[in-house]
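In structure tokens below, several structures.
Both complexes below contain chain A, partnered by chain B and then by chain C.
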Partner chain A sequence: MVLEKDIFKEFEDIVGIGNIDDGEVITNVYAYNWCMEIFNYMEGKEPIPFSPIPKAVVLPSSTVEVQQIVKLCNKYRIVFKAQSTGLGPWNQPSTDNSIIIDLRRMNKIVKIDEKNLYAVIEPYVSGSQLQVEIMKYGLNCHMPGAGPQVSPLASATSMNGPGFTSPSTGHSARNVLAVEWVLPDGEIMKLGAYGLKNNPDFFHGDGPGPSLRGIMRGWAGTKSGLGVFTKVAVKLFPYPCSTEYSVKGYSPNYDFEIPEFMKLYVMDCGNFKKLETVMLRVEEQEISFMCSYLSGFAVMAIFSNSIESLMDKIAIGQMKAPLVVIIAARTQREFYYKQKVMDFLLKKFKIKNIIGKIYTPNPTFYAEALRSNLGLHGFIATGGFQSTKGVADTANVCLRSTKSNIPLKKGFIKQGVIVNDFGEGTWMTSYESGHYFHMESPTMFDQTTEQSVSGMAEYMEKSNQLDLLKHLGAPFFVEGTRMHELFGPHMSNYHIWLRKIKEIFDPNNISDSGFYITPQNK
Partner chain B sequence: MSETRIYQELVKIVGSKNISNDPKVLEEYSEDLSFFPKKKPKYVIWPRNRNQIQKTIKLANSLNFSIIPVSSSSGPRHHGDTIPRNNNSIVLNLSKLKKIINIDRKNRVVMIEPGVSFGELIPHLYKKGLKILTPLHPRSSKSVLTAALEREPIIIPRYMWDSSDPLLCTEVFFGNGELFKTGTAAGPGSIKQQKKSGQAQVNPMGPTQFSPFRLIQGAQGSIGIVTWATLKLELVPSIQKVFHLQSENIEELLDFQYELLKYRLCDELLIVNNLNLACLIKEDSSEILQLANSLAMWNLIFVISGRDQLANDKIDYLEGDIHDIMKEKKLKLSNNKSKINKDDILKFLNQADANPWRLRLNGGCQDIFFISNYEKITEFIALVENQIANNLGIYIQPINQGTSYHCEFDIYYNPNNQEEALYVKEKFMKTSIDLMNSGAFFNRPYGLWAKEVYERHEDSTYRALKKVKRIFDPNNVLNPGVLCFDD
Partner chain C sequence: MNEKEYNQMIKRCLRCSICKWIPQLQIKSQKYATICPSIDMFNFHAYSGGGRIIIALALEMGRLKPSQELLDIVYKCTECGGCAVACKFLNTLEPLEIIVKLREKLVSLGYGPMPKQQQYIESIKSNNNPYNELHENRLDWLSNDIKIDPDAKVLYFVGCTSSYRRKEIVLATARIMNAASYPFKILSEYEYCCGSPILRTGDKKSFIDQVNKNLDIIEKENIDTVVFSCAGCYDTFKVDYPLEREYNFKTLHTTELFNEFIDNSKLKLNNQVLQTVTYHDPCHLGRNSEPYEEWDGEALQMMPLVSLNMPEKPKRCGTYGIYESPRDILKKIPGINFIEMERIKEYSYCCGAGGGVKSAFPEFALKTAKTRIEEAEDTGAEIITSACPFCYTNLNDGIIEKGSNLTFYDISELLLMAIGSPNKSIKESSTEVA
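Now for the complex of A and B:
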């Protein structure tokens, strides 16, 4: 399906010649994404990595252009799917009666407000771009686990938002201040202080009265199911150590000068009970920059850049309950204090730090930790991975979820459809100095074989059912009508309320509901 | 529908002992300390459990009356948000729901009902080595849950990771009487089943792709009635070292507190003028004025703290780093110049009090408060000082980890002096409007402010909020008329 010529022209008039394309090559490319094959399989479709092909791709350069595009979509009843850095199937249209709004021309850091500790960004600013600029002020940003190459705006407004530095930088959803948002009917909404008629500014995102951030997103975002976000103010944090950043060499073998006050601890707690105790105690002390439980296999992966280098770390992969902690400090006093706390805890819990004794990582690891660039290691073994689970509450439920998942995963490993991580593959992180935790189970599979894709999809389904049955929290990917109708009746019938929001704010169902929820009558 | 029928049905729900139409009782709920016009409710009811709340809401939907929820058992109400707007209103007083349902040391969270007050909760938690994040020196009888629902600013900005803190999960009845749980409390599974699987309702986000707790918060009871909530706790420090720095120049103190907050060097952190500090310390008018006169105009209060075996090590590191910042900035502020006993400061930072500090000087107070960014604080202070020369308390509270500031101007007066009250009433609205016109963000628009605030905000906000109200309270039974819900 392509746009009618007259309609194409109307879109072109908005964005200008060269900023819209409905050619076969471009629209087919936009139909591809990582992991699309799994979601296709789960929806009962052919497990190919392609979504429906959009009619066209449009590239607006401003909020007003986005607004005009959305209004035009309403006029002609064409669904829109917005994307920025575009990682993953959530960027894909659910129907071929759609256009992609690619926001890559909206790529400015609008403002770095040093005194009020936030930055305002457009959709196509990447985490790494933002970080480089704010480091000049001794500041840091939260980056999602997906890595520094993705859009912090997308993470803050529309996606999920856990990150490796979450103990010290929180969760994307909770770091949002004011927002500029084009609603599905084309109205521009400005949340919080940005909505003031006199002196609008981005320092606060709630009110007047109830906070509309409540419909904007939850633990997960609406993934373009409720409009398009064009600006967001995100909170900034103190950079954890010196901002001197000295890196040499060529990819992937960089050499990095480890900052003066930064130290890595990898400790085997032996079992989950002790791991929980140690993790909670470390976090209560408010000393960690990063504090994650990673399965033995995952610890091997974060230190590796290839299958070969993964395999030579079997020794560290045998740890039963590894805890990975990074402390970092701005001053020597702070560093000594944090080290003293870690020494105290290690002695108290009779655990040892293997770093510098059994294993010394390449200094690049520290650079990747500062850049929140550890997620990419999930791709090493097969080139493809996806996470199941995603509960976020206490450390205890995260570890129970991890434990209960092992036999299930082992069954699929035995079938040979997913990679053998001994069933343990898990990443669990603390948030906000241990006030809550989240876990997910990254699983590596082969995207190029149908057997592996279908195996992975079936494993994801079973994992979801396990969460429901054992009351282990809602997984990440409860999105799309099928999943909401599966989980809603077990969760306060929330899907009924979510659907009402969709219906009232998107009366024409124009904002792609594929990864959100459809109205009742669709 | 006849009033008799409503009364009879309410008696069936809550029992005759838990409903009142005694004129004295109704009079009590007809006004507060604000200048909002007086109006009596028809009845006041005190439900004892959530079933009674649900039945009352459903009854309101079918018999077409309005419900105004209140939570605190006693003490003055301030902002006009619980005064009836129409002739067919009842007050639903939740103060009898006062269970501390669960205190969870391991996960640093407490689950409480709306009637639990600061005076009750703080000592309970303290025994377990825990503390709730409080507003500045709350009234003992004040509902803890209401303070969180109203987004009252907390005094430890570094622990305010989100402007919604310390509120986590809630159980709520929406305006149509349906029960809902927000955040991870939504499930899967009941609360009992969730506890069995190790959960503690510590994640407020969700369920899934929306966060309805944010719609309930700041809604002045117009979206839902909360029957319990979980709130974030922190651990009680074993050492607290208080700093009281004085200056005639607020910019000097603002600049310094920015550094403290940027590097997360202290816990409690706030700036007050001399009069407000004196009101927080002393109870008697003459003593307040005497102390105020002995203080510098501006007072920065902050606390550094440590816990456990390494508490002193932490204090040493923090003090050393703070000293370095002061040296670098060539600040000549000294903690030793303070004449105030540090225990008195800790008392108002750590405890609640039966005698509200804002009412101590003259028995009456009109507070004007809003959110500002760093740069505009001094401009707003100048604007207010230009209009109100005397008896003005000022309180500046960094919030949300230093991304914005709660600015509060307390106009102290004698409410029994009619002339003075009239003068304050005029000043209160004029100053508020001037502030709004200068870009002050009144994000909690109570009473007389509401209309003015929404007029100065983008219309899209007003329209979206009305849509939200229509979803969750389709018949407009919950506190109609507040905020922008004026139809």
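Now for the complex of A and C:
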């Protein structure tokens, strides 16, 4: 289904020749995404990695162009799906009566305010790009586990947002300050201090008047279900150590000069109870750059760059409750203090750091940790990977969720449809000094075999049901009407309110609701 | 890559976009973070390494059929291989090989190469060079002062581009070898195109003919080494020929040879070259010149869904390209202040000429060259140098088009200046390379 000629022309007049394409090759390429086969299977469709094909793809270069596109979509009742860096099924249109707004040409770092610790960015600035520019000021930014190549704006405004450096860089939902937002009807909304009449700026995310941050993204983001975000201010943090950074040698065997004041700890806490206590104590001390519980298999993965090198590390995989902590400092004194605290805790809890004794990682690991590149190791076993769970709650609830998932996962491992990661495959990290945690259960499968895809999809569904049954909070993938209607009644009927938001903000249901919620009348 | 590997791999793109950037750990600035000239120019995801993998899959699934739109996208790629280096830091996909195979498939289905590329191929078949030049003019570069030794064990394979378009390179190369008293011979009227322009555009069958034609001749010569000043010929002989037919001579690029000359004191660098110089890594000499390592292991199923290659299958990541010898030469030339660009070595940004782009899509080639020239300008260099006649022509075109103050010299020309040989180089400018 292509755009009618004169409608195409109207879009073209907005973005200019060459910045809209409705050819079958371009539109087919935009119909593809990672894990789409699972979501297709879940909806009873053929498990192929393609979604409905959009009518066209447009590449706006400014907020005004985005606004005009959105207005045109309303005029012709064409659904739009916005994407920044575009990784994942959430970027896929739910209908073929749609266009993709690819924000690739909006790629400016608008402002770095090193004194007030925030940067204003457009959608197609990648995490790496932002990080290298702010490192020049001794600062760091948050990046989701998806890696440094994805868009901090997308994560801050529209997606979940945990990351490996979360203990020191927070969570995307909590890092977002002022926002420029093209609403589903084309009106431009400026949230926070950017909406002020006098001296608008980006330093604050709430008001004027009641805060709309919750409506704007809530916990998990609206995934293009509520307009298009064109600028965002994100919080910045002190870079954890010296910003001198030198990677030598040749890919993939780079050599990295580990910063002087940086140390890795991998400790087996033995059981979940002790893990919880240790993790809470470490986080209470506010000393970690990174602090994650990673199941044995996941620890093997972050230290490996191929399936073969992963298998070398089976000994590490035997750990029962591994805690991975990185401390980093800018001065000798700060480093000394942090080490002293860690020494004290290790002694107190009678646990040992295996690094340097049982295992010494390649120095590149430290570069990857600093550059938030560790999440991509999730793909090395089969190339197929997806998470389940995703609850954000106390350490205790997160670990209960981990435990309850093991028998379920083992059942699917036994069927041979997902990879044997000893049944755990968990990643859990802390936020805001251990005031809350998030856990998810990354699982590897083979996206090229129907049996594995269907097995993975069934496992994901069962895992969600388990969360409901055992009161383990809402997982990441409560998205789309079906899931909201499943979880809403168990969670204060939030779905009713969500639907009201959608109805009011998007009266024509033009902002793709596939991964958000449809209005009542649909 | 065989058919089975191709069919498996095209199903595995994560659409993570890593292929659009230099390796994440190497990003030094927002401005020079990208690796792929094609997506940089055309913006739609289809123009990235990953996008072309999706096209390959959609074709195999029958969702797409060959069309003009499809050809255009598949051929608007310089085949620089930057996407593959970035992807393979962690992954095992082969975006570049998939693109090459995709072109081969299109050609075998009766589509592709692009019309201008087809003209070059026809010219290679009839004139032995892609430029429609007369074969008998191939030796026009040969000046009287050059000493050629018919009994030498070393063959200098000049290549079409240097013979017809960039004579300054062949002259400098020959003079340096003479200055080092290094005997060499040439194939004279028996030198034909190496076949690179045919291979890159997907006409595998014609390429194999060219391989056989060239090897039949070279193997009759009593030589043990073939030297190349053209990165394209070098890469093709070193990496691509052995996949079609084994041979038993050594291949050397002149940068390797000249560096040895300096180290063995065969050349005296008497003259100062008081210039600030930056070096552009040609894709054919850098990441793509890494040979395939033989692997005769097997894939063992360790557990359901997980198989292991035993022993581990070597990944061709650009690790073993020729990076240091040109840099060593520059550092040894007295007076040169050598300064690096941000994107270098295995993650160097392409000059824009490769993969048949310069002939089929000259505007795209030129825009890419200008981007690279800007990066060179940002270093503060006065001279940009490289070791490939394609990069020479395209970057020089970029300098002219941009009105840049930079000057381009091939590395052999700089070395010639340093050894104080009379600089009789002929500076030509031509936008026509294959």
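Assume the second predicted complex is superposed on the first by the 522 of 522 C-alpha atoms of A that agree within 3 Å, B and C clash if a C-alpha of one lies under 4 Å from a C-alpha of the other, contacts with A are read in each partner's own complex, and residues count from 1 in each chain.
Quick note on the criterion: a contact is a pair of C-beta atoms (placed from the backbone, for glycine too) under 8 Å apart; a residue touches a chain by one contact, two chains touch by 3 or more.
What you are looking at is a predicted structure, and each value in this text was computed from that prediction instead of being measured.
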Which of chain B and chain C A:Val110 touches, first, second, both or neither: neither
First (chain B), second (chain C), both or neither touched by A:Asn28: second
Which of chain B and chain C A:Val2 touches, first, second, both or neither: neither
Partner chain in contact with A:Gln129 - chain B first, chain C second, else both or neither: second
First (chain B), second (chain C), both or neither touched by A:Leu408: neither
Greater residue coverage of chain A in the superposed arrangement, chain B or chain C: B
Residues on chain A engaged by chain C in the complex (per definition of touch): 19, 21, 23-26, 28-30, 32-34, 48-50, 57, 59, 85-88, 102, 104-105, 109, 125-126, 128-130, 132-133, 146-150, 247, 250-254, 256, 305-309, 311, 364, 367-368, 371, 373, 376-377, 379-384, 416-420, 444-449, 452
Chain C - residues contacting chain A, complex: 8, 11-18, 20-21, 23-30, 33, 43-46, 51, 54-55, 57-58, 61, 63-64, 67, 69-70, 73, 85, 88-93, 302-306, 308-312, 315, 317-321, 323, 345-347
Parts of chain B lying in touch with chain A, wherever the complex brings them together: 106-108, 151, 161-164, 178-181, 184, 186-189, 193-194, 196-203, 205-220, 223, 232, 235, 258, 261-264, 309-310, 313-314, 316-317, 320-321, 324, 371-376, 400-404, 436-439, 441-445, 453-454, 456-458, 460-461, 463-465, 467-468, 470-472, 483-484
Residue ranges of chain A in contact with chain B within the complex: 113, 115-118, 138, 170-171, 173-175, 177, 183, 187-193, 195-201, 203-215, 217-223, 225, 235, 237-238, 280, 284, 330-331, 333-334, 336-337, 340-341, 344, 392-394, 396-397, 399-400, 432, 434-436, 467-468, 470-474, 478-479, 484, 487, 490-494, 497-498, 500-501, 504-505, 516-517
